[in-house]
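Pasting the structures here.
In what comes next, subunit A is part of two complexes: it sits with subunit B in the first one and with subunit C in the second one.
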Partner chain A sequence: MKLKKNIAVSETGFLFDSNTGESFSLNETGRKILQFLKEDKSEDEISEWFAENYEVDQATFENNLYDFFTVLQNFKIIE
Partner chain B sequence: MKPQYTIAVTGLNNTDNPGPGVPVIRALREAKEFDVRIIGLAYENLEPGIYMENTADKVYQIPYPSSGSDELMQRIEYINSKEDIDVLIPNFDAELYTFMLSEKKLKEMGIKTFLPTIKQFEERHKSELPKYGQKYGLDIPFSKTISNLSDIDHIQHEFEYPVLVKGKFYDAYLAYNSSQVTEFFNKISVKWGVPVIIQQFIRGTEVNVIALGDGNGNTIGAVPMRKQYITDKGKAWGGITLGDENLIKITNDLINKTKWRGGMELEIIKTHTDKYYIIEINPRIPAWVYLAVGAGQNIPEALVKLALGEKPEAFKSYDIGKMFIRYSYDLIGDIAQFEKLSVTGEL
Partner chain C sequence: MKKKPEYERPIITKINAGVTDKFGMRAKMPIISEIDGIPVNDLINKYGSPSFILSEQTIRKTFNDAKRAFTTRYPNVQFAWSYKTNYMNAVCKIFHSEGSWAEVVSGFEYDKALSNGVAPNKIIFNGPDKSKEDLIKATENGSYIHIDHFDELYELLNIADSSKKRPKVAIRVNMDTGIYPQWDRFGFNYENGEAWNALNRIMMSKKLDLIGLHTHIGTYMMTPTPYGVAASKLAELAVRTERKFNHKIKYIDMGGGFASKNTLKGAYLPGKDTCPSFDQYAEAISNALINSELDPNEMPTLFLETGRALIDDAGYITGSVLANKRLADGRRSMIIDTGVNMLFTSFWYEHEIYPAKEVSSHSEDTTIYGPLCMNIDVIRSVIKFPSLQKGDHYVIKRVGAYNMTQWMQFITLRPKIILIDTEGKAHIIRENETNDSLVALENVPDYLN
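The block that comes next holds the complex of A and B.
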């Protein structure tokens, strides 16, 4: 999964798509996931980090992560 | 020292259906390379731009173009004898044709304009758009014109519902069946006359581009925008500049192929599969022009330079994510101002 180049995410979790003018507010988890995507981290690396730092097992997190990716794809935020 | 130009501007109607006059004046007052004296030309004596501070230095009433172009030109001649106008920027669709036809006469008076040619103006009419698309290789929704109710039956098999029913100048309604088409045809034809345009409905997001062509195929400026807040009249009350490079490519391509001269606004639908359909081409600067200025492209300043025969450098970039938010504001005027304008036609 790759963040499209026209997507900007601020430190506050405000996401702006400069191609469409759409903007979204992300919570801390969403912001962190997008930050990792920007750093070209793999899905495994992302879920490992969350499993280590949050009280969640990797399988549950991955389920939620793929749901989140589907939302991001629908909004054409990732490719 | 900067030169000072006297510039006459119409479209001072900063109402909920705003004309571009006031933002054009605001842009000209911020011009980097010249100072201005602004002559406001008003059709109605309650156009807000007449009374706004730091807008027009002097205002004259002018007759509607429908009263005949001779009457309008006589009035312009009188105003010019008092003000020595360098450049005139008309901002209304309905007056453009008259000013385009009178370009030579205005030039003889020493007044320069920078307008599309009659051919450019005529061939991009809503009713002509499909032909325009074929001629210049642009994606335009399929459409047909109808002049009476019986035409609806004849063209029905060529469309899938819903369709857009559009007036030749203004108004557009979405119709889901033939009885709605009939209803909207009647509504529109009473107001704007015939033909009425039946256009294929394209699902997607509407985006707009303001642009300026130098008449030789070059784009001097172009800024795309998406409306974020739309009034019930369909007017932008808020908008944001976009970084979509495809919109700039489409604009450059159109200006290059048509050798567009003057300001323009493209109305485009971007579909969910990233196809772009031009739904309208407005042959003038739009009312949201100040967003382009705020994003780094003073299009009215460049237009004045073109009108004066200069060759302004094309803008290379603009700020993405700049927003405009319109607001309403109560000006306090005095009956004496209204009286002066009503009695003498000047303020």
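The block that comes next holds the complex of A and C.
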């Protein structure tokens, strides 16, 4: 999963797509995932990090992560 | 070990500058974590998921609100509990303990009212389907029989010939009250003279005691005005009867039909903001009767067969999320363990549904499906809803009317119904079905065994 180049994410979870002019808001989990994508982290690395740092098991997290990717794809934020 | 922070699933929402949703409401969804003091989690752990929960406190409060609205405006008022709306015995007995009579529409409901201890002369028998046996029984018992059509009128005249008791009757009248569609399939029409005709035949026969006039103009009536029109027309019939036959009509029965606070599908504003209050309905009806030519010293009793507006708010469903899915177009969908089989009213209401615990402040357009393998099994086609995980609990509000009588047993077993009493104690008032209780009625022919 790769973040498109025209996407900017702020510290507070505000996301701006300079191609379309559309903006989005992210919760903390969403913001963190996008930050990892920006850093080119793999899906496995992302889930391991969440399972380690949050009250969540890896299976639940992965389920949520793939669901989140579908939404990001829909909003044309990742390619 | 240090506790890890609470996890919330990732959420992204598009910001539409300047555009609020159609109700202009805040995005953060309230939660329902307890019902009458009992935590939703406890209810689900103890009674299973899903279950129906009824609040006795709400039933009694709603009833007394309605009663006050009418008794402060009209001298003699009598409510009759519309059994079809919710005929769990415990529910009926609450209404009877508040002084309600019973309003029934079948032999089955009639017998239920008797076994709930209602005096036979406090049962109103409505509906197009009364068998000859039903009519004989109601006549012998002195119950109030509301005649629906001429075939029933003639049947009653026959019964009167062979019975020692005179049937106590009212006629059901349908009429134009300015609403569309007009309900003209029940009773005798007012405008074309059919009601007056039926009334004359009853009076001329001298075999029946004509004690009342009845109408039920529709259900979920969103304005009180048609009730005023209907009450005037019934008052006019009563006055004409008295002039012609020197016979007093003892009661005028306005039926049911007051809207509950649920939101109809496609409505622009939530039902709780648009539905008229009991006071508004009471004002329309009482004004029409008081301003009519009825004798002010001997006003007929006003009967009300209010159903949904008295019980909808007292009912909840508590249940669990089964799964979350993405639809092909990217929309979120959530599958819950309540389907249209037990929430029949979701065909016409946009039921309010809430998480049972504090969740994320992000909401997303979501379609909420029931668990049935059917395309029609949609609880909400689109609602801004925070994301819940599998196993999380939800509460559906205002489900007390019609669901516990119209529910279908389909691919699964019907759940328990719980009543929370006024002290906050829960009681099972209907057990969940079991495989055994269901197959008890089945029979497999020998050759298949």
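As a working rule, the second predicted complex is superposed on the first by the 79 of 79 C-alpha atoms of A that agree within 3 Å, B and C clash if a C-alpha of one lies under 4 Å from a C-alpha of the other, contacts with A are read in each partner's own complex, and residues count from 1 in each chain.
In this section, a residue touches a chain if its C-beta (ideal position, glycine included) is under 8 Å from a C-beta of that chain, and two chains touch if they have at least 3 such contacts.
These numbers were taken from a predicted model, which means no experiment stands behind them.
Student: Have a look at subunit B and subunit C on subunit A after the superposition and call it: clash or fit.
Tutor: In the superposition, subunit B and subunit C stay clear of each other.
Student: Based on the superposed arrangement, let me know which partner A:19 touches: subunit B (first), subunit C (second), both, or neither?
Tutor: So A:19 only meets subunit B here.
Student: After the superposition on chain A, what is the angle at the C-alpha centre of subunit A formed with the C-alpha centres of subunit B and subunit C, rounded to the nearest 10 degrees?
Tutor: Superposed on A, the angle at subunit A reads 90 degrees.
Student: May I ask you to name which of subunit B and subunit C touches more residues of subunit A?
Tutor: The partner with more contacted residues on subunit A is C.
Student: With the two complexes superposed on chain A, say which partner A:6 touches: subunit B (first), subunit C (second), both, or neither.
Tutor: A:6: touches subunit B, not subunit C.
Student: Once the structures are superposed on A, label A:30 by its partner contacts, choosing first (subunit B), second (subunit C), both or neither.
Tutor: It touches subunit C, and subunit B stays clear.
Student: When the two complexes are placed on top of each other via chain A, what is the minimal CA separation of subunit B and subunit C in Å?
Tutor: Superposed model gives a least subunit B-subunit C C-alpha distance of 7 Å.
Student: Which subunit A residues lie in the overlap of the subunit B contact set and the subunit C contact set?
Tutor: none
Student: Spell out the residues on subunit A that touch subunit B in their complex, using ranges where they run on.
Tutor: Listed in rising order, the residues are 6, 8, 16, 18-21.
Student: In their shared complex, at which residues does subunit B touch subunit A?
Tutor: Residues 205, 207, 225-226, 228, 239-244, 270, 320-321 of subunit B touch subunit A in their complex.
Student: Tell me, which parts of subunit A touch subunit C in their complex?
Tutor: 15, 22-30, 33, 50, 53-56, 60-61, 64-65, 67-68, 70-75, 77
Student: In the complex, go through subunit C and note every residue touching subunit A.
Tutor: Its residues touching subunit A are 3-15, 17, 324, 326, 329-330, 332, 360-362, 389.
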